[in-house]
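There are two complexes below, and they share chain A, which is joined by chain B in the first and by chain C in the second.
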Partner chain A sequence: MMSIVLAGFVDALGQFLRPENLAAVLVDGLAKAGLYVMIASGLTLIFGLMGVLNFAHGSMTMIGAYLGGLVMVTLVGSATGAGARIVFFFVALAASFALLAGLGGIVEIGLVRRLYDRPPLYQILLTFGLTLILDELIRIVVLFYGMQPTSDWVAAQGTKPYFLEQSVDLGLVSVPGLDLFEIGFGVLTVATLWAFLTRTRYGMIIRAGSEDAEMTEALGIDVRRVFTVVFALGAGVAGAAGTLLMWESTWGASVPLAADALLPAFVVVIIGGLGTFRGTVVAAVIVGMTDAVMTWWFVNEIRFAGLPEMTIFLLLVVMLVLRPQGLFGVEEVGGH
Partner chain B sequence: MTLLEVEDAHTYYGESHILEGVSLDVAEGEVVALVGRNGVGKTTTLRTVLQLTPPREGSVRFRGEDVTGLKTHEVADRGVGWIPEERRIFTQLSVEENVRVAVPDDGDADAAVEDAFGTFPDLREFAGKDAGTLSGGQQQMLALARGLVGDNDLLLVDEPSEGLAPQIVKRVAEALADAAEDTTLLVVEQNLPLALDLADRFYVLDNGQVVESGDADETSADDERLRRYLSA
Partner chain C sequence: MLALAAYPGIYSVLVNSPMSSEMVALLPRVETMIVVFYFGLFAMSFDFISGYTGYLSFGHTAFYGAGAYFVILAANGKIPLLAPDTSFVYLLVLGGLLAVVLAILIGAVSFRLTGVYFAMITLGFAQVLYVFVREWDYLASNPSDGPAVLERTDPFSIGVPGIDSLNLAIGQLAGDSVEGLLGVLSFNQAEVSYYMIGLVVLICYFAMQRIVHSPFGKVLVAIRENEERAKAVGYATFWYKLGAFAVSAFFAAVAGGLFAGFQRSVSPENTFYFLVTGDALLASIIGGFGTLAGPLYGWLFDETVTEFLSKAGQGGGLLPYLREHLGDATMATELYNGLTVGQAIDTFLNGHAELYIGAIFVLFVLFVPNGLLGTVRDKLGGPVGEQIAARLRGDGK
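Entry: the complex of A and B
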């Protein structure tokens, strides 16, 4: 019996190690990493720079998916060309970013700011309560318009240009166009945020304010306004991530997307180290690759579709036991 | 002209009454030392001026304007700089960024960086390195540089010689003396000879109150009046 299992495993390993399968897993992993880094970046910005654990982050991603979908469904018709659809996508992305950044700014000024002097538990309870309210509000709205809130919004998924639905032949492997788009988008997100934080005066002020808010204030800088900008930026990135997810068949715009996006975002930021942007990028790649490898095994060999997701959380548990501060975490993160 | 007036300031940390009616003034161009034992309220006086710990009673006036209750960044914007105890440089920013972040939006950051490295040449070779990698003395230089580039009219300097080797203390004193040529200074300092050497006038704080004051030139470090309040 044991020898049969072993022989089966060796055979499966041989299949997995075939160059075309390894290449496919690599591309799938990078595409997943692109999505994870998009989802987690806003969360890590807000926690790393402000010390606020934003439980409403997933809801903001979900709203971004609906907003992006709304813009696309409104602008795109059956005769709209592929180039125009990409242009409209960036319009949708900008709209989601702007509206969610505005919502984030309002939430910070109206709610979160009042709790800075309280223990972190208050901020967690506040943002958790906010996520319940936002989810319920969106559920009411989509029900009102006759859309099913718990399944993906198919009309929005249908707005993607044809070349993202086709595969691109890269020699060893044929890669879905959407995967390449997600990889490119993940790289663009990381590069943009990195450049903003390290190459601009405002980024420098944000990093200073996150390390020592009082000292930064004493330099004549309005740190409260900086925190509002950071919260708005994090919420805007969450919204932009949602717009990207709108096209994904496994995510799509739906109310449960709030929880579906929040959980992997937490996994990524905890594995990377709470509050480190570099850690988030590295962890997104690790989680994305783990997900892709396990998906290959559990889809092609072991045939248990729910297990890939479970292994991500297993990775989280292992990290919490072996290195609770995460890969690049520090003992303390930003605050006020 | 009087630049800073603190009048009957009562400041608390929670329910702890730290400043019990501190009054002092600093004229434009002066160097004023604030001396006293540990825990008598010297640092709290500076924090009160900056409104980091605003007074519950009394007032702080800068250039004749009542700044009590303003936000700290609004007081700093009016030309009040702070070189805090234990430096508090931004360890995750580079040395150069520590200088740049202190330059006001309308200031010339490149020129400020050049000025800072001209004043403290030792810092230039570390310009691109994280400030957290500097030694204690270099960090104090950087903290001074950061305070000086802000184009401030009044600099609040808290324990600039604390924890530094004598050679570094000498250089810090020289840097402060240079700064005093065009900036007004209010310096908290435990090192009494250094304080009296730098200052034009001094105030002695004890139990949250000003108990002595005078001209630095007319007082020596072994003056019995001062020793009474400074010995542990």
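Entry: the complex of A and C
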């Protein structure tokens, strides 16, 4: 019995190590990393500057998915060409970024600002309460239009241009077009945020505020306004991530997406180190690769559907045991 | 406490009174009160660790789920060495001990961390268990829907094990009813379940209350207020935290066991999923974080609002009441673009209690950080019972 299992395992390992399979897993992993970095970077931006763990982040992603879907479904008809669909996608992206950024700004000014002098627990509680409100509001709206809030919005998934649904031949393997789109998108997001944080004056102020808010304030910078801008930015990125997820068959726009996006975002942010953008990028690649590898093993050898998800949470636990501050984190952040 | 003991009687009197339709709409049903009891116990156990030591145990569902699954699996003969008909009280205790072992394993690594990291690692452990339970087909034929009681023929009874006359069965259909106790008192199934589950919850509450007011409990509060200082004074805080974690896990598992015993089926979503901890957190904050009885009142509040905004047949509530009293003309009045009053209530109120509870929760976080019970205590200057007693004796402040 044991030897049969072992033989099957060795056989599967041989399969796994074949170049075409490895390449397929690599592309899949990078695509997943692109999604994870999108979901997590808004969270890490907010935490890095203000130390607020935004529990409403998943809900904001979910709202972004619905908003993006709404724009796409409204604009795209069956006759719309592929190029126009891509253009509309960026319209949807901009719309959900702008609306979510507005929502984030309102939340920061109206609610979160009142709590900076309380223990960090209260910010978690507040944003958790916000999640309840936002999720239920969306559920009301979705039900009102006669859709099922718990199942994916299929019409929105159907607005993909045809070439993203086809496979692209890369020589060694052929991969789904959507994967390549997600990789490109992730790279673009990382590059933009990176340039913003390191190459602009405002980014410099944000980094200074993360380092030492009091000193930055003493130098004549209105840190309160920076807080509002960063909260809005983080919420906006969450919305953009949602718009990207709307096309994905494994995610899709639905109310449970809020929780489904929140947990991986936590995992990525913790593994990378709370509040470091570099850490988040590296951790997203690690988590994406782990997810892809485990998905391959589940599909081909180990018949346990929870394998990828479970491994990701195990990764979180192991990381916290071995190196609680994360890959690039500073030790005192996020403790008491 | 007394009000809770007499609640089923008061409920049946009020519901049959001239104000009956108002009462049906406003008061939670006895069945709902049972949920308040067992879930309130879970929220209390969550508050025991999170409210008293300040360590947010975001994976507390691991213990609730372990207790719940243990009862159902034992009843299906899937726990080795345990017969399906093992007495329910033993199952509750054994499930609690299983949770203690689990808590020591999880706590041993988790208590090396603090703050957000502690919350995240416990969340990680609970989610690993959640995914595992959701996918492992040994547990149920369809593990993502969860198992139900299949093999056990005995009902789940609470009482002294081995003595039939000192046991009463709980459950919605399988429960006992009592007639002519002391010649005058009769209880239907729901009321028997109410008292028996209430009894277990009360015992657990007193046990936790005792621990909180012991020297051990004082150290827990000291850890919350200033752990460095507690260490400097010479307390090995790690062991105190681990001990408190184990105790709270035990009671969380008992709560899970009561839930499983009453409902006779469980699912991963309503036991191990991390949002269940969110509900306990909500109850603790609204009721009063760091007050042991507070979470029960918090959850009572939550369930009352939920039932108030539910459909007819699930305890009545706002909509059936308005339908009865407003008249068809009002209900059919158009508000906006073909949306009638009736439809508006259906769309914005019915079944959407979460929205209003969330809003109330946010208001509590902002303006009433001590919760219901904490604020009342601040106003009275001490625990409610003591203060009322003092005033009745006439030696109040």
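Note that in this section the second predicted complex is superposed on the first by the 331 of 336 C-alpha atoms of A that agree within 3 Å, B and C clash if a C-alpha of one lies under 4 Å from a C-alpha of the other, contacts with A are read in each partner's own complex, and residues count from 1 in each chain.
The criterion applied here is as follows: a contact is a pair of C-beta atoms (placed from the backbone, for glycine too) under 8 Å apart; a residue touches a chain by one contact, two chains touch by 3 or more.
The structure presented is a predicted model; accordingly, all values stated were derived computationally and were not measured.
Colleague: Contact-wise, after the overlay, does A:207 reach chain B, chain C, both or neither (first, second, both, neither)?
Modeller: First partner only.
Colleague: Counting only touches as set out at the top, which of chain B and chain C does A:309 meet: first, second, both, neither?
Modeller: A:309 sits against chain C, while chain B stays out of touch.
Colleague: Figure out whether A:221 sits in contact with chain B (first) or chain C (second), or with both, or with neither.
Modeller: In the superposed model, A:221 contacts chain B only, not chain C.
Colleague: Decide which partner touches more residues of chain A, taking chain B and chain C as the two options.
Modeller: C
Colleague: First (chain B), second (chain C), both or neither: which does A:122 touch?
Modeller: second
Colleague: Per the contact definition in the header, classify A:73: touching chain B only (first), chain C only (second), both, or neither.
Modeller: Neither: A:73 stays clear of chain B and chain C.
Colleague: Have a look at where A:98 lands relative to chain B and chain C in the superposition and call it first, second, both or neither.
Modeller: neither
Colleague: Which chain A residues qualify as touching chain C in the complex?
Modeller: Residues in contact with chain C: 53, 111, 114-115, 118, 120-122, 124-126, 128-133, 135-137, 139-140, 143-144, 259, 263, 266-267, 270, 274, 304-306, 309-310, 313-314, 316-317, 320-321, 324, 334-336.
Colleague: Can you list the chain B residues touching chain A in their complex?
Modeller: Residue list for chain B touching chain A: 50, 52, 71-73, 76-77, 81-82, 84, 88, 90-93, 97, 100-102, 104-105, 109, 146, 150.
Colleague: Provide the residue numbers of chain A that touch chain B in the complex, in ascending order.
Modeller: Touching chain B: residues 201, 204-205, 207-208, 211-212, 214-223 of chain A.
Colleague: Of all residues in chain C, which touch chain A in the complex?
Modeller: The contact residues of chain C facing chain A are 54, 56, 109, 112-117, 119-121, 123-125, 127-128, 131-132, 134-135, 227, 274-275, 278, 281-282, 285, 347-348, 352, 354-355, 357-359, 361-362, 365-366, 369.
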